[in-house]
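You will see two complexes here that share subunit A, one where it goes with subunit B and one where it goes with subunit C.
This part shows the complex of A and B:
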C-alpha cells in the first residue's frame, strides 16, 4: 500500500520535473531569434541566482542586499583562472569559482549572522559595496575598471559551447539543478526550519533547532549558486567589468524575488520573466522607461502582496476549488495515521 | 532525591541594573517547584537564564550535574530543558499539528526511557498522537493558532514544549487569563505529566494554583532569593508576606 503510494508520488515528481525541463526545451525550440535567445540565456542565469536566493530572503526572512557580489566573484574567479592570470580549462575554473564563492560566503556568515533584521540587510549591503570596490581596485584579480575579456567558451570534447543557443541549454541544465535542489530542500525539514526561523527564530531554537547552522547553510547555498551563475555568465560575455556587479544589481535580485513572490519556489522565476519582458516592452518609452518600470513595480507590490506567483495561485485556486481543499504535507501524513481527523 | 537542576550564584546584569543577584537553588528530580515574587523580581529573567535565552553575567547552572550555561539555546533544549513563554508563542503560519511536531523534528527524536508522560517516547507519530489526545487538541490539529482560544493556544504551546521530551519543563505564567475551572483542568494535566517523571518549574502569580500545585517554592524579590520552603512555610514567612503577599493568605 505504502509502496504503491510512494511509487505514485515519485512518478508525479519525475513527471513534474520532466514537464519543467520540456518547458525550458520548448522555449529553446520556439526562439529562433538570436536576440531572444540571448535574453533567455541571461534570464536563465538570473534564475539560477534567484531560486536559491529566494530561500534566504523569502523562506528564511533574511533580506540580503549583496548577492551580486557572489555572482561577480564567480565570474571573476573564472575570468582570472582561464584568461587573466592563468590558463586553466573552463570546467575546473567553474568548479573553483563555486568552491571559492562558497568558502567566502561561509567566512562572511560568521560576522553577518551576528546581525538580524535591518542590521543584517545593511551588513550585506556593506559586503556588496565592498566587493564592488575590490572588483574595481584589485586589478590583478579582476582587471580593474577595464574588466576581464575573452573568457574561452566551455568545451565538451570537441563540442564548443559558444553560441547563445548552446549557452541557454547549458544554463538550463544548471537551472534545473538549482530548481530541483531548492524544491527538495524546501519540501522537507529544511523548509520547516526556514519557515520557523522566519516566524520566530528564538522559539525555533527553544524547540531544539540549530538556527545558526541552518542560516549559514542557506546563506552558503544561495552564494554557491550565485557563484555558479557568475561562472556561467563569464564566457557568455565578450567582456565584463565591475559595473555588472553593483549594489543595484543586488537590488535587482531582491526585486525579482519580491515581485515574483517571496517565500515561494517559483515566484522568483516569474519575477525574472516579468522584469525581463517588462524591460523589453518599456524600451518604447524612451527616456521615461525607468519611470514606467518603477511605477509598474510599485503597482505589483501594492496589489499583489504575495507577488505575481501568489496572484497566479489565487487565480488557480479560484478556478479549481478542489485544489484549494488540499492540506499541508504534515497534516496529510498525519491524517493517514488517523490523527487530526 | 537527587537534584536535576542546580543554579549556583547566578547573576545577570543589564547595564547598571542587576536583574538577578547571586541566586542559588536546586530543583529535585520529579519535583513540582514554584518560583514566585512580585513583578520585576527577576523570575522571567531567571527562566531566560536557565533556558539560555539570556547569558549569565556570573555563576553556573547544571542539569544532571553537567554545566549547561556555556551551551547555546538549542543544545539546552535538546539536553532536556523545554519552556513556555509569558506571552503565548507559537509559529503562527503553521497549523497546530505542525507546531507540535517541530519540537520532535528538531530535538533529534529524543527518547528518554525514564520518562513516561504522554509523548515522552515511542515512534514520532505515536508520540504526536499521544500529545494531541492528552491535550484534547485532536479537533484543532489543522487549525491555525490564531483561530484558537487563549486556553487552547496555551495547551498547544505546552504540547509543543513537551514534544521535545524534556526532563525539566519551565512554565512562565501558564495560568494567566484562565478561569478557575480551566486552571484546574490544566493543573490536572501537568500533574499527570509530573507522575510520568517530568520535573516542572512554575512561575505563576495565581497563588491559589501555586499553593495547590507546588511542593516547594522559591521566592524572589529585587533579583535576589528571599525565601525557600514548602507552601505552608512560605505562607507563614513574615518577610515574604510583607514584600509580596501583602497579608495573610
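This part shows the complex of A and C:
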C-alpha cells in the first residue's frame, strides 16, 4: 500500500519534469526565426545562473550582488583554455571552468560568510567589482579590454554545436539539470535548513543546525552553475569582453529573482522570461527604456510582494474559490512564511 | 627629499579626494544609522548634485558656492521626495526589496539625466582657482582642492553639531537606538525620516558638486563614488559617521598612493581589497558595533 503510494508520487514527479522538458522543446519548435532562438538561448543561459542563485538570495535570504563574477570566470576559463593561451577541447575546458569557479567560490566563502545582511550584500558587491577589474586588467587571463574571441564550438562526435538553435538545446539540457537539482535540494533537508536560516539564523544555529556548512554549500552550488552558464555562454558569442560581467550584470540577476518571486523555484524563471520579453517591448520607448524598466522594478518590488510569480499564484488563488469552490492555499502559505503580512 | 615631497603630494591629493568621498559616504551612513536602509539611488543624487551645481554656477553664471548650496537643497528635496514615494513603503521589508527598489530609482534618475543633458559629454564646472595653486617647498597645493577640503570640513562640523548638539539630532539618535521607544517618547518618526532623507540627499548633492568641481560632470559620474561610498561605510562601520570620515580619508590616500606608485589598476582594486581584508579581521568595520541581524 505504502509502496503504491510512493510509486504514484514518483510517477507524478517524472511526469512533471517530462512536461517541463516538453515545454522547452515546444519553445524550440515554435521559435519562428533565428533572432527569437537567440533570445531563448540567452534566456536559458540566464536561467541556469538564476535558478540556483535563487536558493541563495531567495530561500536563504543572503543578497549576493556579485554573481556575474562567477559567470565571467566560467566564460574566461573556457576562453583562456580553448583559444587564448592553451589549445584544449571545449568539454574539458568547461569542466575546468566549473571546477575552478567552485574552488574560487569556496575560498571566497570564508571571508564573505563572516558577514550578514547589508554587510554581505556590499561585500559581494565588492567581489563583483574586483572580478570585473581583474578581467579588465589581467590580459594574460582574459585578453583584457579587447576580450576573447573565437571560442570553438563544442562538438559531440561529428556533430558541431554552432547555431543558435543547437545552443538552445544544449543550454536546455543544462537548464534541466540546474532546475532539477535545485528542486531536489529545496524539497529535502537543505531546503528546510535554508528556510530556517532566512527566518532566524541564530535560532537555527542554537537548535544545532550547522548553519555555516549549508550557507557555504549553497554559495558554492550557485557559483558552480553560474560558472557553467558562463562556460556555455563563451562559444555562443563571437567575442566577449569584461563589459559583459560588470556589477550591473550582477544586479540583473538579482532583479530576475526578486521581480520573478524570491523564495520560489519558478519565480526566477518568470523573472527571466518577463525581463527578456519586456526588453523587446520597451525598445519602442527608445532611450527612455531604462526608465520604464527602473519604474517597473520599483512598482513590482513595492506592490507585488512575492514577485510576479507570487502575483500569478494570488490571482489563481482568487479564481479558485469561484471556479472550483476551494480555499486559498497560497495566501495562507505566504502568511506562514512571513512574506506577505 | 624629492621622494618625500612626491609622497606628501600624493597624500595631499588623497586627502582631498578622500574627504569628498567621505561626504558621499556620510550621507549613506546617516541614512543607514537612522533609517536602516541602504539607498543605492544615492549615487544618482551625487550625479544630479553635480549637474545642479553645473547648471547654476556655469550655465547661469552664479558663483560656485551658490551652485553648491543649490545642489544641496535640490538633492535634499529629491531625497524627501524619494522617501515619500518609495522608501516609506519599504519599512520592515527584506533588504533585498529595499536594495532592489533603490536600484530601480537609480535607473530612473540615470535616464532622466541622460535624456536632459543628452550625451556622455563631460562638463566642467567653473570653480574658483581651478588652475591656481600655492607652492610650499616643492608641494603644490591646488587652490580648488584646498577650497573643497575647507568646504567638507565645514560640512562635517555642521553635521556634527546637528547630530550631537541639537534637539533634532537627539531625536535622530533616539530613533537609531530604538524606533519603538522613540515613538513612545513622542518623537514623530515620519517627520524625522523626511529630515534624515533631506540631510542625506543634501550630503549626496554636496559630494556631487565637489567631485564635479574637481573632475567633471558626467551622466555616469555617480556610480564610482557610490561603490566607494558603500565600501567606506562598511569599512568604517555601518551607520557610523565618524567611521565614514576616517575610512574615506584612508581609502582616498591609499587610492592615490597606489595609483601613483604601482598602477592605476591597483588604485581601482585597492578599495575592494582593503574591504575584504578588513572584513576578514573585523566584520563589523572599524568603528561599527558587532553586526546584528541587519
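Going forward, the second predicted complex is superposed on the first by the 320 of 341 C-alpha atoms of A that agree within 3 Å, B and C clash if a C-alpha of one lies under 4 Å from a C-alpha of the other, contacts with A are read in each partner's own complex, and residues count from 1 in each chain.
The rule is short, and it goes like this: a residue touches a chain if its C-beta (ideal position, glycine included) is under 8 Å from a C-beta of that chain, and two chains touch if they have at least 3 such contacts.
These numbers were taken from a predicted model, which means no experiment stands behind them.
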Partner chain in contact with A:173 - subunit B first, subunit C second, else both or neither: neither
Which superposed partner A:192 touches (first subunit B, second subunit C, both, neither): first
Partner chain(s) touched by A:262 [first = subunit B, second = subunit C, both, neither]: second
Which of subunit B and subunit C A:206 touches, first, second, both or neither: first
Contacts of A:61 with subunit B and subunit C, given as first, second, both or neither: second
Subunit B versus subunit C as contact partner of A:99, first or second or both or neither: neither
Subunit B versus subunit C as contact partner of A:318, first or second or both or neither: neither
Winner by number of subunit A residues touched, once subunit B and subunit C are compared: C
Intersection of subunit A interface sets (partners subunit B, subunit C): 202
Residue ranges of subunit A touching subunit C (in the complex, touch as defined): 57, 61, 63, 65, 110-112, 114-119, 121-123, 125-127, 129-130, 133-134, 136-137, 201-202, 247, 251, 254-255, 258-259, 262, 287-288, 290-291, 293-298, 301-302, 305
Residues on subunit B engaged by subunit A in the complex (per definition of touch): 51, 53, 72-74, 77-78, 82-83, 85, 89-95, 97-98, 101-103, 105-108, 125, 128-129, 132, 138, 141-142, 160-161, 163-164
Touch list for subunit A against partner subunit B, complex: 189, 192-193, 195-196, 199-200, 202-212, 327-328, 330-331, 333-334, 337-341
Sites on subunit C touched by subunit A in the complex: 32, 38, 86, 89-90, 93-97, 99-101, 103-108, 110-112, 114-115, 227, 230-231, 233-234, 238, 265, 268-269, 271-273, 275-276, 279-280, 283-284, 291, 293-294
